[in-house]
Structures are given as structure tokens and as C-alpha cells.
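Have a look at these structures, which come just after this line.
There are two complexes below, and they share chain A, which is joined by chain B in the first and by chain C in the second.
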Partner chain A sequence: MSIISVKNLTYIYNEDMEDEVIALDNVSFDVEEGEFIALIGSNGSGKSTLARLLNGLREPTMGEVLVSGIPTTDSKRRFEVRKSVGVVFQNPDNQMVTTIIEDDVAFGPENLGLPSEEINARVDWALECVGMSGHRKGTPFRLSGGQKQRIAIAGVLAIKPKVLVLDESTAMLDPRGKKEVMDTIERIREKEGMTVIMITHFPEEASRADRVIALDKGKIVIDEPSHTALADVERLRSYGLDAPLPARVAYGLKQRGVELGEIVTARELAEALCRLK
Partner chain B sequence: MKDISFGQVYPVQSPVHRMDARTKLIITIAYVVMLFFASSFIVFGIIAFALLLVIFASRVPLLKVLRSIRFIIFLLIFTFIITVLLNKGMGAEAEIATYGYYLSFGPFTICGTGLLNAGKLSTRLILIVVGPTMLTLTTTPMELTEAIAYLLAPLKLLRVPVHEFAMIMSLALRLIPTIMEETDKIMNAQKARGASFDHGNIFKRAAALIPVLVPLFVNSLKRSEDISDAMESRCYRGAKGRTKMKKLRYRVSDIFAYIVVAVFLFFILLTAYNWWNWAWVSMITFV
Partner chain C sequence: MSVEIKNLNFIYSPKTPYEKKALDDITLTVEDGDFFGIIGHTGSGKSTLINHLNALTRTQPKYNKDAVLKVCGIDLMAKKPDLKGLREKVGMVFQYPEYQLFADTVAKDVAYGAKNLGLNDEETEKRVRDAIARVGLNYDEIAERSPFELSGGQKRRVAIAGVIVMRPSLLILDEPTAGLDPKGKKEILALVKELQKTCPTIIMVSHNMDEVAECCNKVGVLSNGKIMGVFTPDELFSKRALISSLGLELPTVTELSAFLAEKGIDVNPATLVERDLVESLEWFLNK
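And now, the complex of A and B:
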């Protein structure tokens, strides 16, 4: 059974009103355990709405979302859904519930009703995962954006969800903060084998994923392994998306008659260029 | 970021920081009660001295604590002036006989009794702000939430949502610096468009704040929605099934603190009422 199964999902804001907006239109896909998926789409493509639907923060207008077989609309079992799917949002300041880092990370496990020793162990583990153990007793206010976002990730990790959803979690960060967070996510994936769904509009970040799902005007337009999805510059452009820079370079060269093949990462580009001579 | 001492913990280790949050909360309440019963400068001095001892024990820099006064500086000046000007004391002759002066112009007067009363009022105001600041400087919002929920627990019988109430308090404290920062940002944005906040009379200045308050209010609503989403995503469902990492625990020192404060409170009440008409009590309450 898929860990998350999205079936014919439609979500409409302000239904039957003048300002009705169809955010998601008949979207279906399955997420298997251990996958690393990048969900990309331009502004208003419905990707952030999708994040809130995956753990039942919003209820589908039509269709359903199943988490380990449990529909997110089942209010009696919603707690199980939230335990399985942890969402990290865009603004780290709006995810901190308190002013001491360890208290903030403990918030999730406390809600699970765990004994105090277990909570303590999880806080240690989660902070270790994001590389912030040294700040345990500190306050988040003096930290950089990247560090704050890593604390927010630790807060979700401490719940030990099966799936980690990152809703544009790097969008408000500077390049260094972005890299910090991306490296952290990759490390967690390697160490814990966690399923990750990363919502982003940065194509470079999407290239780290195994599979890319692209949304345009609420519909899925691409659902492919990340390499083939991101190498197709023209198709991405038609959906208002930018391919990663190396892919664009290869595309530009191809138009001038230099065929390099399917290229997504800087390393591939470098190797292909070296083979030219 | 601006340094805001109100509502934020000063992160050091000290006996005051380690004290049980419930003890600190109750002591703070007792402290405020004492201030209302204190009526002479000597008694205020005794309370201030006790507070000073607590501040030193907490290892929070004195300046940091005193900085909380600047939030009420205008209130302080305003109440002082009004109290002085409107207090007629014991009347012109008696005032001149006691203090040697009595100035009056129109409906206003300046006299010894008025100055004395205004001084006491200001002292009380300052102490009322500084004391509770010590509570927030030495107690984490989570501990405070727990303590408030604990003290209000009897209200649960009346179906009052005690946990939720305490959580709201704690979130409010948590958001003070974030909202301050945001106010700053919006003010700068409005300044960049030519708004001015330090020109004109008080009404013009107040009117100039409207373009700041409106976006601030709208943003706060949006922010509260985001925070509630984040909290729910982290399995929050109120007090139901919730446990704590750090449990509140009374130590021997807490019992000791309670006794000391009880004795102190009794002493202050004694100075206020002087049940047994002791001479030394009237001496220290004279000024």
C-alpha cells in the first residue's frame, strides 16, 4: 500500500462564490515509502494548498487523500494522519510556539503524550539530525533564517513522521540558509530513510529529488523521474517553470549545434563538456 | 533585531531561574498585593530592597530589568504631573504650616502633600512594572503556561478551558518580539513613502500610526492562521493526551521561599493596619 495516495483530488477556494478559485483540479498520484519527491509549480499552481491537504489541515472539495489507507477527512483518525505526515512551512517565525529551542522541539512529542524521558531523547535526536544540538537551551530569536528553519524541521522530526512535507521551506532564506536546509534534508534522508515531499519553485533544489511532479493551474502536467523531467527545458518553460541552470546551458548549446545529451546537474555538464574535445 | 526585555527570558542559570514557576507566579501576585498595601516611602524602600536582592540572585543585569520602565515612562510623567496639580492637600494654611509653601494658579496647585502622593504613586508604578518583569525574565513561556494552568485548574470544574487560556497567554508572550520587529518594518516601509511619525501634535502623530496599525493587524491575523496550522501539523489538539518534557516540581527551596514571602506579606499588612498599635510601626509608616 502506498504511504500517501491522492485520488482525484479537487480543491476549490470560496466555492460557489464570485471569487471562486480552483486550486487543485482532479489531481491523482501515489507516494511510496522512501521516495524523495519534488513538487514544483509556478505561483498559484496549487502546490501550497496541496501541502495542507496532505495532513488534513484542509479538507478536499472532491476526491480524497489516503495516508497509510486512512482518509484525511476521518476526524476520529486525523491524529494518526498528523503523526504520519509532518509538514514544515515557509516562515520559520510562524512555526515556533515558544521561546526556548528545546521547549519548541518538545512541543510535538508532548502532544503525542509521550513520557518525559522519551521526549527528552527525541529532542536530543531531532536537534542532532539538523545539526543544532549546541543551541538546545538557547532562544531562536538570535539565529539566522536557515538555523531557525532547521529548528522548525527538528520540531517536526521529533514527532517521527513517516513522511516529511516541506512547503517552500527554503523560500524565505538566503542562499546559505537554503543550502543549510537542503543539506540537512539530504542527511536526514540518508540516515533515516524518510519519505520526503519537497514543494519548491527552485529547480536546482528539485534536482536533488528522485521524482518530480509539476503542477500547472491545479493540474499535474509532469510526473517523471527528476532527471528526465528537469532536462526538458522547453516543456518546463511552457508551464512557467525554469529548468536548472546546467540544463539551460546544455539547451542553449544544443540550439547552437552542440549536442550534450540529457543534463541536469553541474557535474554532468562539466563531464559532458570535457568529453567534447 | 531590537532588544525587548519584556516577555523574554534572560538565559542564565540561577536559583531564581531554577525556582518552580508556580512559586514565582504566586510570589509575584503576593508582591503586587504588598505594593497596594504599602503606604510609606520606608515600606516601599524595604520592598525595593527585597526586589533588588532577588534581581542580584537571578544574575540578570540590573539595567536590563530597569529597562522595562521605559515602556511606562509617559504614563509615569503624566500621572505624576496630574497628581501634583490636582491635589489640594490639606488646604492652603495647613500646607504652609507643614511644608512652608503652597502655590496655586487657576484650578491647579502645587503643595507638599501633592508632591508626596505623586511620588508614592510613581514609586508604586515603577515597582509594579519591575517586579513582574523579573518573572518573565527568569521563567520560560512554557513553564509560565504550566504554572498558570496549574493555578487556574480549579476553574476546570466550571468548564473553563484553562489549558487553552494558558496557551494563548504563552503564545502572546512569544509573539511580542516578532510583532515588534514587524511594526518596525512597516513603519520603515511607510517612512519610505513619506509618512512621518515624529512631527506635528499628538493627534497628528496618532493619526500617522493608522497606516501602521492596519497592515499590522491584517498581518497578525494571517500569522495566527499560519501558527495554528503549524501547531495542528505538530499534532496539537489542546490539553487532550498532552504530556510535558519538563514537569513542574517543588523543591525544599520553594517551600522556604513561600515561608519568607508569607512573613514578608504579613509584615507589610502589619505596617498598613498596625493592629497592635506598635510605636515602631507608626514610625516607619510616617514618611
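And now, the complex of A and C:
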């Protein structure tokens, strides 16, 4: 069974009103355990709406979302769904709930009603995962953006979700903070084998995923292994998206009559150039 | 010159355990016509510095005995500086400026600053039309709509229009493309360059080195409240050791060209702009 199964999902804001917006239009895809998916799309393409449907923060207008086979609309089992899919949002400041870091991370497991030793162990583990163990007794408000976002991730990890959804979680961070968060995600994937769905505008971040799903005007327009998805500069641009720089350079050369093949990384570009020379 | 700063200091929470020297003996000049970039890691003093330029942060006379701070000819170290005059001349576009939209129509929102200059209705409307056109929006389509129903990129344009409606002679932009999608980023960047035609002096704070390399003719580098130097982008991004010691990054184009050069491909390892890299690779292949 797929860990997440999205079937003919449609979501409409202000249905049947003058300002009706179809945010998602008959979207279907499955997520298998351990996958690392980058979800891309221009502003207004429906990405964030989709993130909020994956753990039942919003309910489908039509179609369904199944988490380990449980429909997100099943109100009796909503707790199981929310426990399985943890979402980290864009603005770190909006995700801090307490004044002490360990309390903040403990907030989720406390609400699961776990015994205090287990909560403690989870806080230790979650802070370790994001590389913030040394800050346990500190306050979130004196941290940098990247550090705050790592605490927000720890707070979600402490619930031990099966799937981690990151909704543009690096967008408001400086380059150092972006790198901290991306490295943290890779570490969690390596150590815990967690399923990750990452919404991002940055093609370099998307290239770290195994699979890329692109949305345009509420529809899935690309669902491919990340390499083929990110090498196709022209198609990405037609949806207002961008490719990683090496792919753009290869495309620039192609337009000048030099064909280098499918390029995404700097290494591939260097090798292709050396081959031609 | 637009901005003249000498020996400027600023201390947050002085004489408390949280005391922090945010600006430490800053000396810096921005000439008329400069597109001046300010870079530095988070907490390096960028925001404190630009907040001084339109007196949102007031100077601390106690710590600035020999300091000079003149912006658009107005002496901000004077006992009673002409703040009204200053704010007419210095337009400030904050980070995520769309959060500051407040009126129920785009036209009213953009008009707010112009009205506060004391302009009459006729002149205000003329300026609002002009500002909306200059940010690339269609007045007739958008003027009576709520700013809150626009897309992210459009909201940001409206917010910028609300600043340029005052026709500032110095425009300060704090991370103008942050949080936008790639298309929105490109559009706002093109807009900012276009704005330089009518507001010739621009100061831009940015973490995005690609944008700094593309737009700026000078770049001031801040670290821990100190100015580490003012460079042209060419000079700056050839100083790899300085860049990495300050926790900053190179433009992605420079990063890639350096990598290719290391692999034995004959390109300038300090190329700044994508188009130049493509051209030199074409030259390399045909050589």
C-alpha cells in the first residue's frame, strides 16, 4: 500500500461563489515509503493547498487523500492521519509555541499523551536529528532563522511522522540557513529513511529529490524522476519555473547549436564539455 | 553624493547584558547614480544601516561624537534634522512589502504616500497612474481591485508603486525578490533595473549573489557591524577567501565557472553572468 495516495483530488476555494478558485483540478499520484519528492510550481499553482490536504488540514472538494489507506476525511481516525504526516511551514516565527526550546519540541508528543520518559527521549532524538542538542534549554527567539526552522522540524519529528512535508521551509532563510535546513533534511533521510515531500521554488533544492512533481494551474504537468524533469529547461519555463544553472547553460549552448544531452549537475556539464573537446 | 557616512556607530540595548554593537565605525559613500548592493550574513548590521538612511532608527549622539550621516543633502547628525524632507527623498521598500498593503483598493493603497506629501487630488491621481504603470501593471484593470486578491508578484508591485509614487531620489530595497517564484523574481529584478531610469540612485540589500552580480555597480560588505570594504562585483567575487570567511556565497554562475575551470575547461573562473558563461563555453568549444 502506498503511504499516501491522492485520487482525483479537486479543491475549490469559495465554491459556487463569484470569486470561486479551482486550486487543485483532478490531481492523482501515489507516494511510496522512503521516497523523496520535490513539489514545484509557480505561485498560485496549488502547491500549498495540496500540502494542507495531505494531512487533513483541509478536506477535498472532490476526490480523496488516503494516508496509509485512511481517508483524511475520516473524522474518527483524523488523529492517526495527523500523526502520520507532519508539515513544516514557511515562516519559522509562526511555528514557535513556547519560550523554551525543549518545551517547543515536546509540544507535539505531549499532545499525543505519551509518558514523560518517552517525551524526553523523543525530544533528545529530534534535537539530535536537526543538530540542535546544545540548545535544549535555550529560547527560540534568540536563534537565527535557519536554527528556528530546524527547531520547527524537530517539533514535527518528535511526533514520529511517516511523512515529512516541507512547505517552502527555506524560502525566508539566508543562504546559510537554507543550507542548514537542506543538510538536516538529507541527514534525516539517510538516518531515518523518512518519506519527504518538499515544496520549493529553488531548482537546486529540487535536484536533491528522487522525483519531481510540477503543478500548473492546479493540474499535475510533470511527474518524473528528478533528473529528466529538471533537465528540460524549455518545458519548465513554459510553466514559469526554472531549471538548475548547469541545465540552463547546456540549454544556452544548445540554442547556439551545441548539443550536450541531458544535463542537470555541474559534473555532468563538465564531463559533456570535455567529451566534445 | 546621495549618502555620506563617516564613523557611524549604533548600539542596541546599551549597558545591559544584551548590549550589541550593530554598527561599528561605518564609513561609506553612495554616489548619485550608483546601484549599490549591501551584503552580509544575517545579523551583520544591514537592516540597522538602512534604517538609519531614512531615520527610522535615529542616531545615538552619545556614541557618535565625530560621526557624519548625510542622506540626500540632509544632515542627520544635526540637532533637528529635516525628517519630513528626508522621507520625501528616500523611498524605502521593506522585505515582504506586500505585508504592508492595507487599503481596500489598489489605487487608495498606492495613493497613501502621495496624499501624505500634501498633494492635491488631481496631482495624486496623476502620480498614482504613473506609479502603477511604472511597476508594469495596468491601471484600468487593477486600480479598483482589492490588493489582497492579487498574486504574490502583483502585490509586491503594488507595494513598490506605493513607494515610488512619492518620487524619491534615493530608493532603498531590502531583499526585493525574497519569497517569489522564479518567474516573479525575474520580473521584479527587471522592474528594479527599469526603475533606475527614473530614480537613478538605488541601494539594494540582498542575500542573492546572482542578483547582486547582475544589478550592482558597487557592493558594500558588512560583517559584525563593520564594513569590510566596497568593491565592484568583479573585484568582490574574485576574492573567494573573503567571501567564504564571511559565510557568504559566490554567485551560482561564478561557482559553476570555477568548477568548470578546475576540470580543465578554459573559462574565466570568476564569470558573473549566465550569458557570459554560455558565450565563453561556446568560444571554448569552437576554439
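Criterion: the second predicted complex is superposed on the first by the 277 of 277 C-alpha atoms of A that agree within 3 Å, B and C clash if a C-alpha of one lies under 4 Å from a C-alpha of the other, contacts with A are read in each partner's own complex, and residues count from 1 in each chain.
Heads up, the rule we're going with is that a residue touches a chain if its C-beta (ideal position, glycine included) is under 8 Å from a C-beta of that chain, and two chains touch if they have at least 3 such contacts.
These numbers come from a predicted model, not from an experiment.
Student: Quick check on the superposed pair: does A:G63 touch chain B, chain C, both, or neither? Answer first, second, both or neither.
Tutor: neither
Student: Considering only the touch criterion stated at the top, classify A:D174 as touching first (chain B), second (chain C), both, or neither.
Tutor: second
Student: Once the structures are superposed on A, label A:L276 by its partner contacts, choosing first (chain B), second (chain C), both or neither.
Tutor: Touch partner of A:L276: chain C, not chain B.
Student: So, does A:F107 touch the first partner chain B, the second partner chain C, both, or neither?
Tutor: first
Student: Contacts for A:V97 in the overlay, against chain B (first) and chain C (second): which applies, first, second, both or neither?
Tutor: Touch partner of A:V97: chain B, not chain C.
Student: Between chain B (first) and chain C (second), which, if any, makes contact with A:V156: first, second, both or neither?
Tutor: A:V156: touches chain B, not chain C.
Student: Under the stated touch criterion, which partner chain does A:R248 make contact with: chain B (first), chain C (second), both, or neither?
Tutor: second
Student: Between chain B and chain C, whom does A:G145 touch in the aligned arrangement: first, second, both, or neither?
Tutor: Once the two structures are laid over each other on A, A:G145 reaches chain C alone.
Student: Along chain A, where are the residues that touch chain B in the complex?
Tutor: It is residues 52, 55, 57, 79, 82-83, 86-87, 89, 91, 93-100, 102-103, 106-116, 119-120, 123, 137-139, 141-142, 152, 155-156, 159 of chain A that touch chain B.
Student: Along chain C, where are the residues that touch chain A in the complex?
Tutor: 41-43, 149, 151-153, 178-184, 207, 247-249, 252-253, 255-256, 259-260, 263-265, 274-275, 277-278, 281-282, 284-285
Student: Given the complex with chain C, which residues does chain A contribute to the contact?
Tutor: These residues of chain A touch chain C: 19, 41-44, 90, 144-145, 168, 171-172, 174-177, 201, 203-204, 240-242, 245-246, 248-249, 252-253, 256, 258, 266, 269-270, 273-274, 276-277.
Student: Contact residues on chain B for chain A in the complex?
Tutor: 1, 8-9, 11, 140-142, 170-171, 173-174, 177-178, 223, 226-227, 229-237, 241-247
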